[in-house]
């Protein structure tokens, strides 16, 4: 059975269906059903996946697409891609449920009513693109999905967003296109220079040997990914886009779309251009560390909730990039796990912030206060989401952040130490936001700020359950990730880390 | 030798006529100058073994096309002279540079080439027995398709001209009834007071007096009044000056109230409005 | 001799071009265009004689025909514009800008 | 004697010792998940879970006692936590079980006390959920068999502390105090994390059983780890300990933490969590013993904090803050002890356990007083309470006598042990510790005299009464512990020998010298402090409004300007930096991007003007183009 093609096709067909049905309510229900079908299919896929398999990509499908240029429709997953696809598949139903009224024109800010069907159809199209981009094993196909993803997101921000939506949407699109075009140049150059007559990723590994060529091609890919991720200093589109996008779209934007950047670094930059990666590592690590500290400090200074969350993500993307380029197994696996965990944790934060904003109609922190008193459940979920944002042990993000830091410390202690200071700053920005919004005397009567309703509990419940479960028992996911990361790291040909007292391991007294 | 003389005479004539075409102020003169150029060229065609073209040049161009130009000139207004003030900055200088440069370059190109003595068309026309039959032969054999297309083009052009020039009335013609209604629904059903109705002066810039002796605002031509005040041409008659000043002050007060736009524009606007009202 | 004809043709063409550029009356501009076409025709005829080939004359003939069609349409348009705008200045029709 | 090796074991109660963590965790989960439905019986469940954990701890303790000494370190491996890095495993050894007993024992008593104390609070169920969460996290901290799991518990208690300090979140001060506690703790955690990283990269393991003294010495002697690395590990661990245990320079959060309900102050900020730093130092003894510099720093930090805490305690009128200063000071003693090697460990742990009892006792007593006085905390509005609340006063007095080191009570034995051991190591530190004891005598007496004796300075609407028995019974139990525990643990070096499998045993066991010079000096100084306090606060009139006092008083009242220093050094510059960063981001980076966009837009806007709409301009450019083409043709043709 062509699993991956089915996974891509189902949401696309679902989107067509959603846009054809008559009533808005039916459209929502259909969208939710389709996304749940995708989730079930992904579950089956994950069940059938064999982490220990010798094959690099499982469920592989390859068909010729443009034979003249060796472009294939090639899909397949390894552990890294699988967990990211699973992340998308889990997040989309949650986002659909959370966005139930986003396009209705209800809510305290009284946004104008917009087409509900289009919104949910766009969500499903986006899901298909996200699955496609992670599944693609053909570099050209990856590029196509990479760019095609922008379109539904552009419309979701541009037509369903806040007051500054068109500015944000255009900024998002231009930034991404800028990076994407550099990548297109690099993709074409890769094809021409490799001279293999194919765009298939597995066949292109290790083909480029010339160091200078590698550096140029690396730069082309890397800048695209750095814009996407986003890495400091290419980050300023993210706060605008995330703050203006409706909460659900912001979740997918920050939670999944941006992961394509770090995923690309891990998959394409490291494997296709190992020498250039090593050459550029100091630069990337500096950018990542600057991003970690800088993002955190700017987040502390924010007055807008969604912008604050966006800046925390910039800090977290610094951690992921740091993990990817530390090129140790712990850091690599940690970075991959971080991509997944960050999706859940930031997703939860954005969604709770969205619930708040839906009730009160403002994203300014100063407009809130004492919510805990009138809506304890809302405040509680906000706190848990926030705590996962500051990597509290016992919540999933801790495991990944710890692995990234420890893996980085193995090779670059100074960078790791500076990055660890992000841990302190994270406490400042999250808890200060919580203090300003949730604690103190309450600013409004209870009827303005009702507690979570059942739909919202169903949105937050699974997310929090996943966050806590993976915080205490990350092994199943790590078992899937580890072999794939090992393969990636080993293709960089870098000395593996050994502790100073390796030979005494287990000696004891 | 005869050809050389003909050429030089006609060259001078045609170039001067062309210059006249460009530089004469009146379009009719330009048309006539163009006619001169065309006729000269017709002669030059004839000299160059193209009698048929010379005839066509005279009949079609000078006869039909030039007449068309003249008709249109009649329609548009034959007696209007064009303003020769250039509005686009630098257009003339650059046009001259580009045009002369272009001519120079072409001349350079032509001058660089060395031509043998003209072959002449005697040989080419020999087979068919003359210029016209030869042309006919070519047109109806090798160029028959182009010829047919041209004919289609001509028909289309004729139709197009008819369509374009045809004027369609979009709204029904206004009847007397309509005019009357428009007048009475407007702000001023009665005629505006004429200058000097109760006046001691017979002047357009003199305000009319209403029966009670006050000034009728609307009877003052604002443009004239303002011009006089601003230019310092105060009327010698103190009564007149006072009246004009009074009206202008009232205007200024109104301008301040409406506080929109800058004053000169309003002053210009004021005049046509008044005319329309009348 | 051919050179002379060709230089005359170039000169007329350039004068026509300058006329197009400096005159604002649409009808005069049109006349200048006709002048340029005629200059071309002269070159065609000259080359026909130079080469001993009638094709040049044929082309000149077609140019005349097309020019006639063009004049018909062009003048119709001018008349129409004049009706609506009470002006035949090419500078008045400047809506096609930034 | 070196510590014993860890044996993987899973039999008996020790095999299910994970229940100690799981039971309270389950309690917390039930109380939080099922919400208001558990309001009626939630507190009972909380107490039951805590008692259950206590029962498991006692059973495990008994089982451990039944084993020969060499087998008294039992590892329980639960599952792989982070593959390749750390297992989720517990370590049951004398050190951890001592802590477990203290945590579950005192914890259960405080749970019971809270039933009464929180009976009128609408959030009582939530309170018990957080308390259970705390107990679970604290047990995970002390039972962990490696640094990663320890860190999980370490931050878990931080979270519980955050939640409980900010329990009354509608009070802005409480919310701010909670945040401050968490953030300052995170600074310490930063050190702990880097210590773990360094340990991992040096030794390739984070498990305690591979990080023995032998392993550390071996690494140093084989050159795999430099002395500097080990010292760095020690100092970083100390930074972590300072954060959690409110030692200088990370002490500032503890006084603010008194915003939480009093049982929280008793359990977390006196008896258990704040002592986690001492536990960490003792548990990491292998590193400190190999790094004398780090050990010296530990003792210096301990002494500095014990003096600072004592001085702060002298000037506080808020009874809880006074006790908090005292807690700082006492943990300073423990830290001092923990920096003195195996002998010091035993005294430090003994003092820790005894302190857990008498300080919890006094905090709960203070809570009882506040309960009686309409939540008034200002001691200047107490006075003469002895006669109206006899049980509370009596138990408080016992705790008081224990802490000042009244002969034969707990503090006498444990504190004296630390002082004597310190004296052997370093005379200066020893004498400073003696001075600290004297100050302790003063400020604790001041507290007792102001609260229970002298004239009644109550507010008009105050009607003090004795607390219900659900509150007084725990007080009585704790005061019994305060009386006897010290003697029990110290005499015959009982605790030292019990702890030996975990932390090692010194060559010469110290004897008990009741009449040594330091011991007698301490007693004399304490007596001076008590008498001076009597003259100032017992015999003399205590003004209802605090007098302005000398510079020293202000210095102490302002927490030795710790907060001012933090504000000047970190908070203000931090805020400024954040504002600058935001400005830089908006105007600098984003400004650059937007400037670029505006530049392109502006250029296009200007270029657009070329499109004038005049046909003649366009024609001109066409002619130019044609001329260029002709020129180019000529040029090419002539080439």
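By written order: A, B, C and D. Residues from 1 in each chain.
In the analysis below, a contact is a pair of C-beta atoms (placed from the backbone, for glycine too) under 8 Å apart; a residue touches a chain by one contact, two chains touch by 3 or more.
Just so we're clear, the structure is a prediction, and the values are computed from it rather than from any experiment.
Chemist: Which chain, with its centre taken as the mean C-alpha position, is closest to the global C-alpha centre?
Modeler: The chain sitting closest to the overall C-alpha centre is A.
Chemist: Does B-D or B-C have the larger number of C-beta pairs in contact?
Modeler: B-C
Chemist: Can you give the whole-Å distance between the Cα centres of chain C and chain D?
Modeler: 96
Chemist: Between chain A and chain C, what's the gap in Å when you average each chain's C-alpha atoms?
Modeler: Distance between chain centres: 65 Å.
Chemist: Need the CA-centroid distance for the pair chain B / chain C, whole Å please.
Modeler: Result: the chain centres lie 18 Å from each other.
Chemist: Can you list the chain D residues in contact with two or more other chains?
Modeler: 612, 614, 616, 620, 623 - these are the residues of chain D that touch more than one other chain.
Chemist: Among the residues of chain C, which ones contact at least 2 other chains?
Modeler: Residues 17, 21-22, 24, 91 of chain C each touch two or more of the other chains.
Chemist: Once you've mapped the touching chain pairs, tell me: line, ring, star, complete or other?
Modeler: other
Chemist: Provide the residue numbers of chain D that touch chain C in the complex, in ascending order.
Modeler: Chain D reaches chain C through residues 608-609, 611-616, 619-620, 623.
Chemist: In the complex of these two chains, what residues of chain C are touching chain B?
Modeler: 1-8, 10-19, 21-25, 27-28, 30-32, 34-35, 38, 41-42, 45-46, 48-55, 57-58, 60-62, 64-73, 75-80, 82-83, 88, 91
Chemist: What residues on chain C touch chain D, complex-wise?
Modeler: For this pair, the touching residues of chain C are 17, 20-22, 24, 90-91, 93-98.
Chemist: Enumerate the contact residues on chain A facing chain D in the complex.
Modeler: For this pair, the touching residues of chain A are 171, 174, 233, 235-236, 294, 297-298, 300-302, 329-330, 370, 372-373, 377, 380, 387, 392-394, 398-399, 402-403, 405-406, 409-410, 413, 416-417, 420-421, 423-424, 427-428, 431-432, 434-435, 438-442, 472-475, 478-479, 482, 497-502, 504-509.
Chemist: Note which residues of chain D are touching chain B in the complex, please.
Modeler: Touching chain B: residues 612, 614, 616-617, 620, 623-624, 626-627, 630-631, 633-634, 637-638 of chain D.
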